[in-house]
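The structures come next, written out as structure tokens.
What follows is chain A paired twice: with chain B in the first complex and chain C in the second.
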Partner chain A sequence: MAYTAKFKVWRGDAESGGLHDFDVEVNEGEVVLDIIHRLQATQAPDLAVRWNCKAGKCGSCSAEINGRPRLLCMTRMSTFTEDEVVTVTPMRTFPVIRDLVTDVSFNYTKAREIPSFTPPKDLQPGEYRMQQVDVERSQEFRKCIECFLCQNTCHVVRDHEENKEAFAGPRYLMRIAELEMHPLDTADRVRPAQDEHGLGFCNITKCCTEVCPEHIKITDNALIPMKERVADRKYDPIVWLGNKLFRR
Partner chain B sequence: MTEVERHPYDVVVIGAGGAGLRAVIEARERGLRVAVVCKSLFGKAHTVMAEGGCAASMGNANANDNWQVHFRDTMRGGKFLNNWRMAELHAKEAPDRVWELETYGALFDRTPDGRISQRNFGGHTYPRLAHVGDRTGLELIRTMQQKIVSLQQEDHAEFGDYEHRIKVFAECTVTELIKDGDRIAGAFGYWRESGRFVLFEAPAVVLATGGIGKSFKVTSNSWEYTGDGHALALRAGATLINMEFVQFHPTGMVWPPSVKGILVTEGVRGDGGVLKNSDGKRFMFEYIPDVFKGQYADAPEEADRWYTDQENNRRTPDLLPRDEVARAINSEVKAGRGSPHGGVFLDIASRLPAEEIKRRLPSMYHQFKELADVDITAEPMEVGPTCHYVMGGIEVDPDTAAASVPGLFAAGECSGGMHGSNRLGGNSLSDLLVFGRRAGLGAADYVQSLSDRPSVAQSDVDAAAQSALAPFNPTDTAENPYTLHNELQQAMNDLVGIIRKAEEIEQAIDKLQALRVRINEVTVEGHRQFNPGWHLALDLRNMLLVSECVARAALLRTESRGGHTRDDFPQMDSQWRNTLLVCSASGDGLVPEVRVEPKEQEPMRQDLLELFELPELEKYYTDAELAAHPGRTS
Partner chain C sequence: MKSGVGAPTRARIPDKTLRTDRWWLPPLLTNLGLAAFVVYATIRSFWGSAYWVPEHGYLTPFYSPCLSESCLPGSSHFGTPLPELPGWIPLGFLALPFLLGFRLTCYYYRKAYYRSVWQSPTACAVAEPHDRYTGETRFPLIIQNAHRYFFYVAFLISIINTYDAILALTHGLGLGGIILLVNVTLLWAYTLSCHSCRHIAGGRLKHFSKHPVRYRLWTLISKLNVRHMQLAWTTLATLVITDLYVMLVASGVISDLRIIS
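On to the complex of A and B.
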């Protein structure tokens, strides 16, 4: 039942920091966030951690556990052996504010760059008609809880600060796919995905899909179909010729 | 003089859940400059936890539905203590608010003919809840978040600045409302990240801060739910009503201990799940109260037929209003017929095929699998009551959402009246859309009607800063905020919980009095930068103030009704039906003194009263109140 676990938790701020060792009690059924809370209540009252719902629905408590991007609230202690050291560090792709809390404003900036849902102009509220099978594709992407673990793990920006400007990241490329597949959206999403939001950076290694706590198939269902649509539009020789001849 | 950033706005919305965001959208559409302040990141508010759906009588699933039926269901659910005007506006406007979300990009589940699908829920006569699987709250918050982004994009196109008219102040907590004379002049708070102070200078403040669940030990609520709006309003001179009514959701997880209280959606029962005790018996048939006799099936055979044929069968008592189901579960556990971990069984596995369960209830499947190692398609869940929602809140004008303090508005869970003594599932999401919009409108009208702007006095800013920094002062006993919070939660849970009696409530009030003294001694370590100990020390004051309102009102109401059950007064008393208990606060100090006084509610408008049959009204009303009913006069 209850045992004492060894934890290493990264503490510090933008300037400096390092791993701190803790011995802490663990009880049956607990998750890593419970242990972090126990540290706050008993050993480190000012340990900074972001969290809200503690039920895997809000996507606030993202961090890296033994180097893997995870939600603290959905990682059960029973996935570790009792003698295993559990190392908790902040997400690496975003600047540290303090301890486990990072500055995720990159994501909110990217969100604002994606043009919003554009319904047909003359369609009145209450008159929207869509089939379940047609909304399901976008609904899968709308399961996203914006934990930003996919953004954190994507190698395009994880070790390449210089790519952040031109690359929206998996979460927001998926947002483009969601709007593209919305049965009633009228805006052109395909060309801007490639030209303005950096879809071409993605080389479909599926790391984003692997870390998604909602199990959204980001690569297979959002990014690859968008790449196919880009290829159809941009590289199909007949479309290319048509564009050349009839461009206004 | 305190160093503070100053931000002038027309309207400051405190809270970025559904009600807050809807208020922002409305005030911005009226051309005002709006700040939205949230304790968490943008888009993380507690609204994401709402699972089942949003009630609106669109009539897509059953054409017999209309606002009158929804109004009647809401009043019955609240045991006729609701503010009838709010219930009326809510029932009438909810469909428009849902359809509007589709124009923002929401994608609800569909009917075969392509309209918004609607599901059954407790207390609703017809399938009425617009939903997206079991993650409807997430859809609402994301949709409105994205609508706000789209408005910011419009402002960017027009003014070259995304934040020209709407700015989100994320991870920022308001600790004090500031007045100029009797009117609102602004709000004072701190950035969580840096601990630096911030002052909003604004003639109108909309409170949309949600509930108070973190005052209870077993709760479905997140850390943010510390009654901030309730406490801010009280300290600014506004009043709270119905604080004795706290909803315990019948189905929270009970095991493992670390997830105790996490919500299990009512949608499980709406989609066919049934409650069973340790004998395997569907016990809800034994618990149909007199006021609902005749409206619910009295045997499993009829209840099961109802799922497919609602015209000729009565609904299952598994879908009685939440207060009834929570009490029933409590009784079964007390009688020794509970599950191994102190709950009862909720069985969907034997009722639907595994694939269908995963499709309709994906979050529930995921939640039990990941957190409890339970496969809900193969075995029953263990569930028990959890503190979920407070019906009580800031007393507001139904049409404008204005509180009694000029310039102060409130919407969503932190406002009171709409749900009476008990809220129906699904009425929360629709409430926050309807009244979030009305609060935004109310605030806009108020600001546009002003001839001069209020101003903030420096002395008020200094006082607010001093009070916020108090926990850093060394004290003799150096109380730990985490310890005090624990004791507060335990006391409220044990003594003012789902079943109450006078001597226990009195004990709770004594404990709260002791905590009042100790809270002055709270000390926190470290510095102001993202310091959770300090944040809790400040939130604790609000929890204590609001807990005292709950306890004192609970002691005064000597009857049982909705979310207030007195063991020593087990009956509903029609003499109490029309009485509101109004809380106000006075005095300085970290936690001001609470006063609770009874007040009569305005009688229901005649045309609304006539929507009910006389025999039903007789179960709730006194003879004197019904003297003018046509059923009595003719």
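On to the complex of A and C.
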């Protein structure tokens, strides 16, 4: 059944902006992105929103709905009551460009800082052989659609702009874990994870895991295992001694 | 708010959060739960009596191992190598700091108290009240990296708790024995589901295929590990229940329900 919903949508740019009220039609089966598109079609033709696949796979339509980092296309209107005001804002960790569109280039900068996959020097493409059991841990992290909701919700950068330089964020620490756990990767990922990418900033409060639309267990399967590997390398004298004695 | 979500380049939204759900409830409940346990455990640790039921062999885990000459006769399962202790030192002083350290540095409890006690952050997408944040990069929080050492000791203490429970069963079967057994089983589940244990068992391996036994172990611990939070809370509850039961029986308030004498 169609009904009229009350929406508050943030509109503005880096200089100024605020929440604007809209009454807009909602039909059965619709998601928040449908409503934003209806607003564009009927009341706010210049409303800026980034979107692409409308299937939760491109990671473009990340925003905050009633204060919670979500994908606009994966948030069903049926999760709200008909008299509930739905507030839609851009992600609050990144610089705003206009309306619901933010500048996410912070993430691309962090991505470039991580050395790419480094196979053994004597192995050519086409010669890679590995057991499924050895790669499946890394494969979980390959589900990432780079929506940057985890980066957006992580309080290390969300609440502390000054940490952006030193902290790569959960998405890229997970990328480091993915490479570190890859059976054919030979690069040293552990020490740089702590010293250059700021793993120590993470206090494992699991917000990245909570907001991940792909349900990747970022904290349990990537960040904590990396913290443990860092502890092996930097903070555990017994492991250090064992490695020296047995040349592991 | 001049920094964080109030930084100049970000969307100008004055509210520290726009969440409409009861985001404040889980940290509040966590604070209440942790505070209740800390108060109970502190009182009982310093109580100094009603921790041993000689006729049934029940020893509360808060006083195990009891290794000083101050311990009641029979409660020292491993002898009394230590002299009599002044009253202000808990009789379980050898194990308690490590058990406390194990839980304080536990990855789940860290999440719990960082959110609820330190409010860093109180809830996801809720601006935290602190001006600066350095996480676990420096002293004192860098000590969290020693979690594995507390795990090693907690593992040994779990063996001692198991011995205590089995010893109680040699006196026949009563409700107290069952409570001790359930408690120690859950303590094992909590201890083995630890993230450091998961890492030690096989998490640090690059090639699971070359270590099938450790991979199997890692797989089993991973299954337990997803319930680490539930086990963390359940074991707090069972520790209190176990201690309370032993205390009530030892002080004669209730008598043990005997199944097999």
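Note that in this section the second predicted complex is superposed on the first by the 237 of 248 C-alpha atoms of A that agree within 3 Å, B and C clash if a C-alpha of one lies under 4 Å from a C-alpha of the other, contacts with A are read in each partner's own complex, and residues count from 1 in each chain.
By our rule, a residue touches a chain if its C-beta (ideal position, glycine included) is under 8 Å from a C-beta of that chain, and two chains touch if they have at least 3 such contacts.
Remember, it's a predicted structure, so these values are computed and weren't measured experimentally.
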item: Superposition on chain A - do chain B and chain C clash or fit; value: fit
item: Angle, in degrees and to the nearest 10, that opens at chain A between the C-alpha centres of chain B and chain C; value: 140
item: Partner chain(s) touched by A:Arg92 [first = chain B, second = chain C, both, neither]; value: second
item: First, second, both or neither for A:Lys227, with chain B first and chain C second; value: second
item: Partner chain(s) touched by A:Glu82 [first = chain B, second = chain C, both, neither]; value: neither
item: Chain B versus chain C as contact partner of A:Glu25, first or second or both or neither; value: neither
item: Which of chain B and chain C A:Gln131 touches, first, second, both or neither; value: both
item: Touched partner set for A:Asp188, first chain B, second chain C, both or neither; value: neither
item: CA minimum distance (chain B, chain C), superposed complexes, angstrom; value: 11
item: Doubly contacted residues of chain A, that is, touched by chain B and again by chain C; value: 131
item: Chain A partner contacts - residues on chain C that touch it in the complex; value: 3-5, 7-13, 17-21, 107, 110-111, 114-115, 120-121, 124-128, 130, 132-138, 141-142, 145-148, 195-196, 199, 203-204, 206-209, 215, 225-226
item: Complex contacts: residues of chain A adjacent to chain C; value: 10, 12, 14, 16-19, 64, 66-69, 84, 87, 89-90, 92-96, 102, 131, 133-134, 153, 155-156, 158-163, 181, 183, 198, 200-207, 210-211, 220, 224-225, 227-232, 234-236
item: Chain B-touching residues of chain A, taken from the complex the two chains share; value: 13, 27-31, 34, 40-41, 45-60, 74, 76, 97-99, 101, 104, 108, 111-112, 115-117, 119, 123, 125-126, 128-132, 135, 138-139, 142-146, 179, 182, 215
item: Chain A contact footprint on chain B (complex, rising order); value: 40-44, 46, 48-49, 95-96, 99-100, 102-105, 107-110, 112-115, 117, 132-133, 135, 138-139, 142, 146-147, 149-150, 152-153, 156, 162, 193, 222-224, 255-259, 262-263, 362-363, 366-367, 370-372, 480-482, 524-527, 529-534
